[in-house]
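Let me give you the structure first, and then I'll get to my questions.
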């Protein structure tokens, strides 16, 4: 039998105003198991907590019921109080007589009566509480970062800096991601490569960091602290540890007409290639779809010219298995396809381009060596129209665009407009906008400079259609402030395409059992208070996989994710939530119903030997819950017909006792 | 009359026993009377030849016996499965209740089983002999001549509404396989659904009040294979040995039906064994019918490893409040 | 007439929710009859929302709209301005004697370049 | 011996029901008979017997024994027994009448079960002779004469008439209540029926069943007989046999928390259940074979 | 015609993450609902076993309502989807047995929907009160 202490809080007049606290503590005195009952002005105050601690000692209490505000408010507080008094923290139950009683009922007798019943229910439950001890599991002190863009790079560097080994898995042949393709970065206009490439080099040189480039995550098992991950290293037909990145093979490769994805297809590369000069790892990769040697066994030039002997046409995909304590998702974004936007003639004219293509066109390492030339005729464009919100804030058609704001377009468009006017003052630049959104340090000033100092024409309105006519692009647009329809003959139209999560994110989320929103962005554990954690324990979010963000934001989130990972890896053991499911092996018949409803894959089956009553033994398949993975939802408990599966802290008996107490 | 003869089955069993494929045979044997055929385990050719029976009274579904028998038997067990039994067989495999490797399943066609109550209604009590041939010949101590009854006239309810003559699991099939039948098994449920709630309540009170909680329905049920039933477990909070009142009668049957929902293959054993003739199968069929209508057709046991509706979901499922709207529409 | 009543009537007839509009102006940007119109598609949306229906009812713009549905197709928020214009137009021509195009007027308007369909559709659009 | 026309039986029932609660087998919607209280319109079943035996009148499936009420930390014990009114069980078959003797031996020997005793005292049993025993009948093996059942009153039913004979003072008292509706008669038709029944009994499949093999010192000899294993092989342990058995008298005592107090009640138990007689150390019947035996 | 003002007894199972928080919000905003509603906190609506519901009716409840996160918003990703199926099946079965439909309900209430919580409870209590005492799923022993 428990020895229960009941503590009724007045919460000033918040509770005492509508509930006769004295009557409540008196009434609860006589409940089974209760040996002490009192009330006090503020139970959560230091004095109140001391009162509880003293009562525990004086009356040898084994359980505590606090009738106070919502457990969502102070359950943790009173659990700590109990622990300080030497009780198991899970021997505390809260009767919510504020939010769900005194605040919603006006009359004292009614409030008091209900408070007593709620108190009785809590007492009935505590009577059946058992001390719970959180399970412990060891932590593999190694982190996995999926995605090698700026988010992944920053996270990996920060984790490695704290002394933990990190692996980066990047599906491209090099890390760097989207930022490597950018020219300048807003609002300070530093060159992207100048600030990114040193970080890439840091990654390459950090002995705590391993890069699996040209690789993908194939399988994820295990749970927080103990993930088992299979990484598929795709065959790049070049021995990574032998290749010096000299580029002789690239020079000699006869297959020179392969669209260069790094420049978004605006120029060509060879079949064996290094994506860009500062690639990390700086290793050549053979594109099997275009290499003659791999396709029909004729050529082999690269192998001949490779002094290091790094070429290996027989290389196979390889699966690497590794254990990790934490996983960071940094899968990034892509601009959406423009195929559905016929009105902008993207597929009809080479001179209608996306902003990312514009970045390459202005980049010194790009297809035009940094000169702004039209893709169609390589002439200098004199009139450029930028269209904002192409596919962003588009609620009309899910296939066409995205309902959300892509967040970065306003700023990069201002940057593009400004830089164009700076380098080519003879160019007329029009920006059509719905709203200009520039929250951020020095952002609005930046945009205003584009207008005021650089003379960019910002027009409130939208482009309705673009029609290629001769070497011009006929742009028809509205100017809402002048209430006019504009017709502009442009040389180049730049579309600020909405961004969307990378296509690899969805299958990855399934592997990780991490949740996603309808737009395929990863969901954070709490939108405000836990923004870099996924609801799945041990999985963290970095960068645009969680939602659109710019570079400074991505980097700060990457750092935040790293600090969460470091916090996790710094622990030798993980203590879990002790309110987890538990299977009574004697009753379990191994039917697998529970396993099917478990959202976390926390239930597995083992063959266990039982001694039967007639002294024989029998081997039976029974469910076994991994307490480190179980989050305690209880779905399994109802799926289980025999009642073998129960939930600690919310056991069948406990809930029934509450029902009984309420229904007296 | 059954299409397969008893001799055919004995011959098959003896052959498999003698060539070592199996070490014992789960089959039927005559009980105290000609109509109460009971399940039995045969280990020798002699036992088989003397005692094995196959006729219109071999009603028992052997699937559930496999759980205890496979655990006990050294070698493989030969089991004869009627089409409806194969569904239970598969369902138990889905739930990992016995080792498939330890069973040699022979599918046998079934023309439906006779209901002894229906026979007694025709020829009265005092049955001393029954012979199954073209017709069922029933001799009683009160009549001089045996009464000849057409098996079709005394089919058990579950056989009249047979859902399938197709075997969904077997190692070997004797005779021809049949098809899944579009039966009227939900008609009775629909009739009840069409009643007013008061009528339904009265109907079930009349039925369930007769329950003596002998647990026969549960103990025969191939879906009720818990190591310990919640109703036997004092810790579950619902344990009771006898129903004290109408509430407990209802609770037992609601919870039991809920626990087997999505797992019940509609084999009808529960109603067959009920000493009080309570139409328990209607509760199970209600769940099956509902789930078919709410979540798409699902037949438990049709394939091994299928995911039952209650351990599955889609994001577009109907809301609990909507089940009644549908009901009204249908009515 | 009561502004609110008129507005609700327009919304009911068109099934359009002008509150969805984010005032981007793409409807007017895309409109081929823009310059012919006194009130432009985006104005229809905002004026209907405010209940300023009477000026719209009096405006020739109603008959300048080609009902080409470009605005409906391009609108990123699915507002469907053309349907609003249609609703206002209908509310005008449904009034007694307000048919825009009477059967008697048709022969005079015929010319060889005009496709038959245009006549038929105009007749449908402009009379009750 | 007295008799009445078969058509008059309902008025006989009505007469008895005037002063006593009268229970008799009635056909249910499922075609099975159960004991029900007589009231106008209720018809006596022709069925051979009811599913549940009339032992339930004295030893109900569940029976409240007492109640505890707590207020604060005090416990009050309430005796929930109520004085039983006199009642008549009409139409009990010979075998069931005999079962009462066996139950009496258990419940009425010291210590007397007062719950049982009180109901037994207030009962008047009207038995009825069997005319059409079933193939499952074997009463002769236990020395029961289905043609002359015991009880306070014995009834024979022919095609046209009902014959009454009292065996006890209680029975005579009952017959006097219906004296107006019955007439004195000779017992020739009854004798004729007895003879007929005895002939049928000889033809029953289980007519030759003997019980000599059991009892006395022979139990041990049969205790380890292989037949137990064979017979229990197909037993599912459902317990139906014990619940319909007229002589099974095992019960369990349990508490039920109503929220306002605790009701202590007893309910039938069955030796076929795995939980039966489970004790702290475990169970002394380890498998279904032991339970079946 | 009511003899005495009849007060129904209502048990509300609320999931910890959404509906319980929604109830807290109703409290924060001082939104009234009948004191007849007593809340039991469960981690997720999928923790609610049909046995709990029957138990509540047995012990004298007149109505039972289960509240959880909106479909798609479950803290445990899929718990409420199972709740939805289980309760749909259970309610349909209770209806089949002739138990009044309005005695049971499932409602999705988010942590932000304090007003919805209060409105739901008011409505449910009203509907249950209109049905009167629970007679069809009662255990008379518990009504002494």
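Quick notes
Letters are used for the chains, namely A, B, C, D and E, taken in the order the chains are written, and counting of residues starts over at 1 for each.
We take it that a contact is a pair of C-beta atoms (placed from the backbone, for glycine too) under 8 Å apart; a residue touches a chain by one contact, two chains touch by 3 or more.
The structure presented is a predicted model; accordingly, all values stated were derived computationally and were not measured.
Taking the definition of touch as given, a chain qualifies here only if it contacts chain B and chain D alike; those chains are A, E. The minimum number of touch steps linking chain A to chain D comes to 1.
The chain pair with the larger count of C-beta pairs in contact, out of A-E and A-C, is A-E. Distance from each chain's C-alpha mean to the overall C-alpha mean is smallest for E. Chain centres here are Cα means. That of chain A falls 51 Å from that of chain B.
A separation of 45 Å divides the Cα centre of chain D from that of chain E. Inter-chain spacing, taken between the CA centroids of chain B and chain E, is 36 Å. The residues of chain E that reach two or more other chains are 50-51, 55, 59-60, 78, 82, 86, 139, 141-142, listed in rising order.
Shared interface positions of chain D, i.e. residues touching 2 or more other chains, are given as 256, 259-260. Among all residues of chain B, those that touch two or more other chains are 230, 236-237, 244, 310-312.
Chain pairs that touch one another are A-B, A-C, A-D, A-E, B-D, B-E, D-E. Considering their complex, residues 9, 11, 16, 20-21, 23-28, 30-33, 35, 38-44, 46-52, 55-56, 59-61, 74-79, 82, 86, 118, 142 of chain E touch chain A. Of all residues in chain D, only 28-32, 34, 48, 51-52, 61-62, 132-136, 200, 203-206, 230, 233-234, 236-240, 243-244, 252, 254, 256, 265, 267-270, 273-275 touch chain B in the complex they form.
Partner chain B is touched in their complex by these residues of chain A: 586-593, 596-597, 605, 618, 620-621, 639, 641-644, 652-653, 656. By the touch rule above, chain B contacts chain A in their complex via residues 71, 94-97, 224-230, 233, 235-237, 259-260, 307-308, 310-312. Across the complex, chain E meets chain B through its residues 50-51, 54-55, 57-58, 71-72, 78, 81-82, 84-101, 104-106, 136-141.
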